[in-house]
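Same chain, two partners: chain A is paired with chain B first, then with chain C.
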Partner chain A sequence: MNNNFSFLPISKRLFITLACLLFLTGCWNSRELDDLGIAVALGIDKTQEGNYSLVVQMINPSEIATEAPSTRPPVSLYQSEGETIFEALRKMTLSAPRKIYMSQLRLLIIGPGLAEEGILPTLDLLYRDPEFRTSFLVTVAKDIEVEALLSVITAYEKIPANKIMDSIIAAESHWAATHGVYIDQIVSDIRSPGKSPILTGILLEGSEEAGNNISNVENVDSPARIHVDHLSVFKGDRMLGWLNEDESKGYNYILGNVKSTLINFPCEEKESGKIGIEILRTNAAIDATKTGSNPSITVTLEAEGNVGEIQCDLDLTKPETLQEIADKAEEDIKTKISAAITAAKEQYQTDIFGFGNTIARKNPTYWKEVEKNWDEHFKETVVKVEVKLDIRRKGTIVQPVQKKG
Partner chain B sequence: MYRNNTISPRQFMYLVILFTIGSSILIVPGPLAAGAQQDGWIAALLSLAVGMLLIFLYHKIGILYENKTFIEVTIDSFGPWIGRGISLFYILFIYILAALVLRNIGDFMTTQIMPETPLQFTLILFLLVVIMGARSGIETIGRSSEMFISFIVLLLFFLFLFVTPQIETDNFQPIFGSGLKPIISTSFTMLGTPILEMVVLLMIYPEVKEKNKAKYAWVFGMLIGGVFLTMITLLSILVLGSDLTALNAYPSYELASKINIAGFWEGIEIIVAIVWMVTIFFKLIILYYASTKGIAQFLLIDDYRTLLLPLGMGMVVLAIVAYPDVAYFENFVGTSWFPYALTHGLFIPILVLAGALIKRKRKSKK
Partner chain C sequence: MKRRKKNRTPKEDVQLDTSLARAISSDLDSNLAFIKETLGNGSDLVTRRMTLNKKAKASGAVIYIDGLVDKNTVQDFILEVVMVEVPSEDLSISPIYEAIKDSTLPIGEIYELKQMDELILRLLSGETIVVLDNETRAIAASTKGWKDRGVQETTSESVIRGPKEAFTETLRTNTAMVRRKIKDPKLRIDAKKVGKMTVTDVSVIYIQDTAEESVVKEVHARLDNIDIDGVLESGYLEEFIEDPPYSPFPKVYYTERPDAIAAGLLEGKVAIITDGTPNVLLVPALFVNFMQSSEDYYQRYDIGTFIRLLRLFAFCIALFMPSLYIAITTFHQEMIPAPLLINLAAQREGVPFPAFVEAVLMEATFEILREAGVRLPKAVGSAVSIVGALVLGESAVQAGLVSPAMVIVVAITAISSFVFPSYNMAIPVRMLRFSLMILAATFGLYGIILGLIALVLHLCSLQSFGVPYMSPLAPLVPKDQKDVLVRFPHWGLLSRPSSTSHQNEKRTSGRKGNGE
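So, the complex of A and B:
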């Protein structure tokens, strides 16, 4: 059977070809690019009546593609309400010109009201529907309505959702006081009994009214700016409150999320000059042991850094000086880690670090005993912190510029 | 028409690999993770060990009558009436399995890729190609397996390589956290799909040359395919965690969607989905070829090809009516499939082997 068709008469061959044409002309489900309303950010909150209110930021393709500046905004905002998120999404066709296409979604912002009420029911659709990918960040609006936040037009990056996502990623890898959480991570964290979730906060700086206008980006210093904030603490799927900057950083130290950051402390107790240490990489490990009836957790952090900035006349040629600086920096890291642990233990009384999961891994039988009311045991857990910082280099000069001869 | 009906042991091995991966890659990781949590991959390995024992049994039957398929052996040993009765069960098993596999790919397409396309069109289009393949005969199937196996292996390695950065080693601890019991009970999942389904291969085993090599080809084929399945399960657990692996309907697809190369190459899960299209295609060809051939031998029809089209129409309908919704299917796979597969993959082969041995002994006495 060298050729399947050679033995067929010409009429049959023609028939088969035509049949192929019939089947192969196009996909049933095909949607052309000009039928799609590409959504880049989605805001969800609850109304007073208990309905979901949705805000979608949709890109205006002609504005994104054009090189010439125009007065039309690069994105448009559409809103709708519904008893379910799905209903609200479909209802949006009443105001939006096209059916919303969600695969390019970059950002989900949850309103403060919904976050306090519990977010897990909201996440079901976003994780179930095949049109949603898992590559978008979940964030919480801090002290502001979602709508106001998504209305802000940003300079630098034309699409505000991209700007927020880039900001989160940049802040995460260079400042380390925040941490981007993707949809599958938050679903997994909420469902896990040994870890409480955290989410990044987003807030607005400047005036709400100014952000909504294209003139916002006509100024060098935009009157309204979107700002990435610190971490919010959840227990289960309800938001309890916020960590401050130091606690957020401490949290990221513990979980090994810190890629690069900066540590500041004064040279001497009373002097005004300060030292800045650039952390280049960290390596964190959490270990659990059981002492008596309570579990004990050891957090070990190994970090490597450089001397970044010196504002006083220390003698940097001496190895002891570097060691002293390293000791102080270690102390600073320890303080931040302890601050985070104290906040979790005393203020929020929930295990945001996943210590419970560590215990589940190391000692599964003990975990079965405490799993049910882990947060109670978490308060009693002793946490030991060990930090080891190596300062390797000091940049392109050997001494502080203030130091003479 | 040129016709030659043998395949080499190497081609057979490729077919076994494709058969093992096909459709199991979609439906196995979830239940494994649901049953044994982070130990799901150990359960998979366990079932492979049992699979090796099964293959020795199948091989025994295969070499009993060198050139006879399982149906012919059964009819031969038990006589035309009882033999046909037993064969009927076996044929129905293959036919239903083929319909379920067809429905699997249909469900996958309508869930993940083309939610608005009616199921029957996906099924018809897929089955048309399968019928064409089955029409070409086992030799063509064997040769094309040689061609496609490299795609499959490369794509799987591509998947494995590019999800490794996302691995969180914490996810697979504690090993043996909840003891051996859940591992053993979960291994039945993979034992049912695909290990016991391999009994179907007895329908093409007579067409494999060099039987002494063929045995090892079968074992290696199952081990390679099984290790790929284990790797998929392990990586799903490592990347997504056992909780999300069990939560997802198609964790392997979810795993593929995690590929992110340098921040701009993402969302390429559909390329990796070629793996399941092709492997399911081959599994379906083997099942379809085996069932039409079995029915032809059952009805004493010389050429199985005449049956291809009518049985195909039946299969599309069966695939649609086989189960009303996916929840029914999940329940069916979880509770009924293992005993069903065990009956046809273990008990009937043992029965037939015993019958054939007794018959042979009587013959030699005479």
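So, the complex of A and C:
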């Protein structure tokens, strides 16, 4: 051995090595599974005094994995307040039976008050603490206190946090008017000058009082239900407002987030029958050029569609009919995209689409000029939208069922 | 079938008590008295004194140990000859000793004896001695024959496809079983005797010019160096000849399957057969050999490969499963998917012990049950399985002593440890499992990785008769990979493994002309 060790006898070298192994083991701690208070959802808001108020939804494992359910709720809620989130978390041991274990966190809900004030300072601990993984969704409570939202007992899924996460993921991939955002994405969006973040909203349907009771799930139609809402728009780390459903969908079209959704439109101007097209596999490309002094953005969307539902008398054997349907669907997509762009440009005046990032990649010198007040330039940006929809399949029948003859 | 070595006296490594080292005297009576005295006039000693030829006034005696000789052979080919044919022989042509030895005694294996110690040794090995009056030479005729078990089906290494026969306790039968499989004239069977009191016959078998000469020499040298009073099983030899004695891993392969030994010989290995045990040793033994079963070569190569990979997987499970469970559930809960974590946490609610104690408890219980199952008389065997199912199963869970997940972990570990074709590779796995569990309970995955590194270093430092234990994996021999983790078809196994054989490399020239 040709190192600094070599003057020591082998036994001492071995001893030093072993001692290092024992003490240089980094950050670890042995805890039995039944000592963990597994937190699945964390709600953060600010009190009127300016303190952080934390709500943690902790699961009760034996209630969830049991074959003979008792009347005890599957999750419990614990609350605390503190000047920092860290203090509030530690203070929580005053009321919670075990130390809160955060690695399995599924959901972070930010209270509306805190969202309007700015969320970046809040995210530091969640991003820094090794116990937090980056695999939880960040959401905003819409028009409701975080605590009320987390108190709702859900019917189908025993763990409410799981229910919300699953709802977001299902809605994201089948309805496309929402988009789950993980912590690393929100942090990088806030810190990026070329893109403003968005977050999913969560709201409560029904009465607040009914949700906080096990009887909520004893009804087939629960009186209180958690509902996944559309996207909220942020500028920097402050929430400005909400997009509506069409705008949220348009947003996801532009970003290529749409995995599957559907489009409705009437067959003819005056008829009552409608056509439903299922959209699959969209592929969006954003290109940036500079025309004159203003940047110009081209959004190209290629999508594949299936005929989902036809309520009127059309002849689907003709290619022209399909082409007509495709044209109308393309028009619908364009409308939604334009609505989203208009909302961002005029209502909120911030670039939620990351067009700035595209410009930064395509034309870095120009980006240097506009980076400082990009949102001003964004308002002037011309956005061209091109949509190409291909209708591929018609389902198990060819002609509509009400087709005569 | 016996192979007879004509008039070849094997080198005797073991000498009996030096007080016996005296020449055979010409006085028959004193010789007989000496033999009787040496053996304490044992009840199984038969000395038949007779007059051989009245004309020549020649008398002699036939001596043998009852039970060690084949009585029919002694009766028909020795007593019959010396009492009926010799008297009618014309002794004027040749003296009586030569007449008996060279022309009348119809026995294949015959030795001329001059020393009393050799006479005693041969007598005790089951040979029949003919001593003559006025003659300083005696004749030993091989008449070995005793009740043995016969060739039976293998009990510890069963296969679905492949020969079912197993070695027996009788050395000669065993060498014959090997010889019957390999008819190459270069098959060498060298005889040795080991053990001062047991004087156990040991045969070293190899194929000349295929086995490494250095390994053969080394085997001989190590066997010659053994100094022990008795050898009752090949395990005695194994511990004396294996390379570093302080390692839990077996560095000598043993099997009771003649086909496995023949396959080893064909790969250039050296087999050591010990009289009195069906377990035959094979050296050099490499780590990968213990993961292979002879059936891998009898079933088609695709399933052979699959099974080998499965065994490797089972090896890892048997070694690491309980420690991984401990490490992950007590240190790295973030690694467990949420639904599984909730499930495991729910199972652990109310279990009074930490996961480590729980695991040690269950593993120890399993080891106890396993040992009890091996030692128990067959008649009470079912009692163990009933009690075992109670201790290691639902009842333990219902009593709230262990979590159901731990029962599953222990069960999977236990089953996996039975997958190895070699029982002696399961032994280090069983023992190291506990040390890994301690490491896992103190340092988590970090400890397991430390243990794994130490284990790999240790394995790579081992040698078996000069061959690196982990070869051909470390050092990596690309050419030999065809028969390690995967098994190529037989027509693709072109050469012998180079780790054990450097000469006579070619095994096949591949598959030719099948009317393709």
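In the analysis below, the second predicted complex is superposed on the first by the 377 of 405 C-alpha atoms of A that agree within 3 Å, B and C clash if a C-alpha of one lies under 4 Å from a C-alpha of the other, contacts with A are read in each partner's own complex, and residues count from 1 in each chain.
Note that a residue touches a chain if its C-beta (ideal position, glycine included) is under 8 Å from a C-beta of that chain, and two chains touch if they have at least 3 such contacts.
Quick caveat: nothing in here was measured; it's all calculated off a predicted structure.
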Using the superposition on chain A described above, determine whether A:Ala360 touches chain B (first), chain C (second), both, or neither. first
Considering only the touch criterion stated at the top, classify A:Ser188 as touching first (chain B), second (chain C), both, or neither. first
A:Asp34 contacts which: chain B (first), chain C (second), both, neither? second
So in the superposed three-chain picture, is A:Val152 touching just chain B, just chain C, both, or none of them (first/second/both/neither)? neither
For A:Ile297 in the superposed arrangement: first (chain B), second (chain C), both or neither? neither
After superposition on the shared chain, which partner residues are touched by A:Thr134: those of chain B (first), chain C (second), both, or neither? first
Once the shared chain is lined up, is A:Leu255 touching chain B (first), chain C (second), both, or neither of them? neither
Name the residues of chain A shared by its contacts with chain B and its contacts with chain C. 28-29, 103, 133
Write out the stretch or stretches of chain B touching chain A in their complex. 1-3, 111-118, 121, 125, 132, 135-137, 140, 170, 173-174, 177-178, 240-241, 243-244, 247, 254, 257-258, 260, 266-267
Residues of chain A that touch chain C when the two form their complex: 21, 25-26, 28-34, 36, 38, 40, 59, 61-62, 64-66, 101, 103-104, 106, 131, 133, 159, 162
Could you list, by residue number, the parts of chain C that touch chain A in their complex? 329-331, 333-334, 338, 341-351, 354-355, 441-444, 446, 450
Looking at the complex, which residues from chain A come into contact with chain B? 1-2, 4, 7, 23, 27-29, 103, 130, 133-135, 184, 187-188, 191-192, 357-358, 360-362, 364
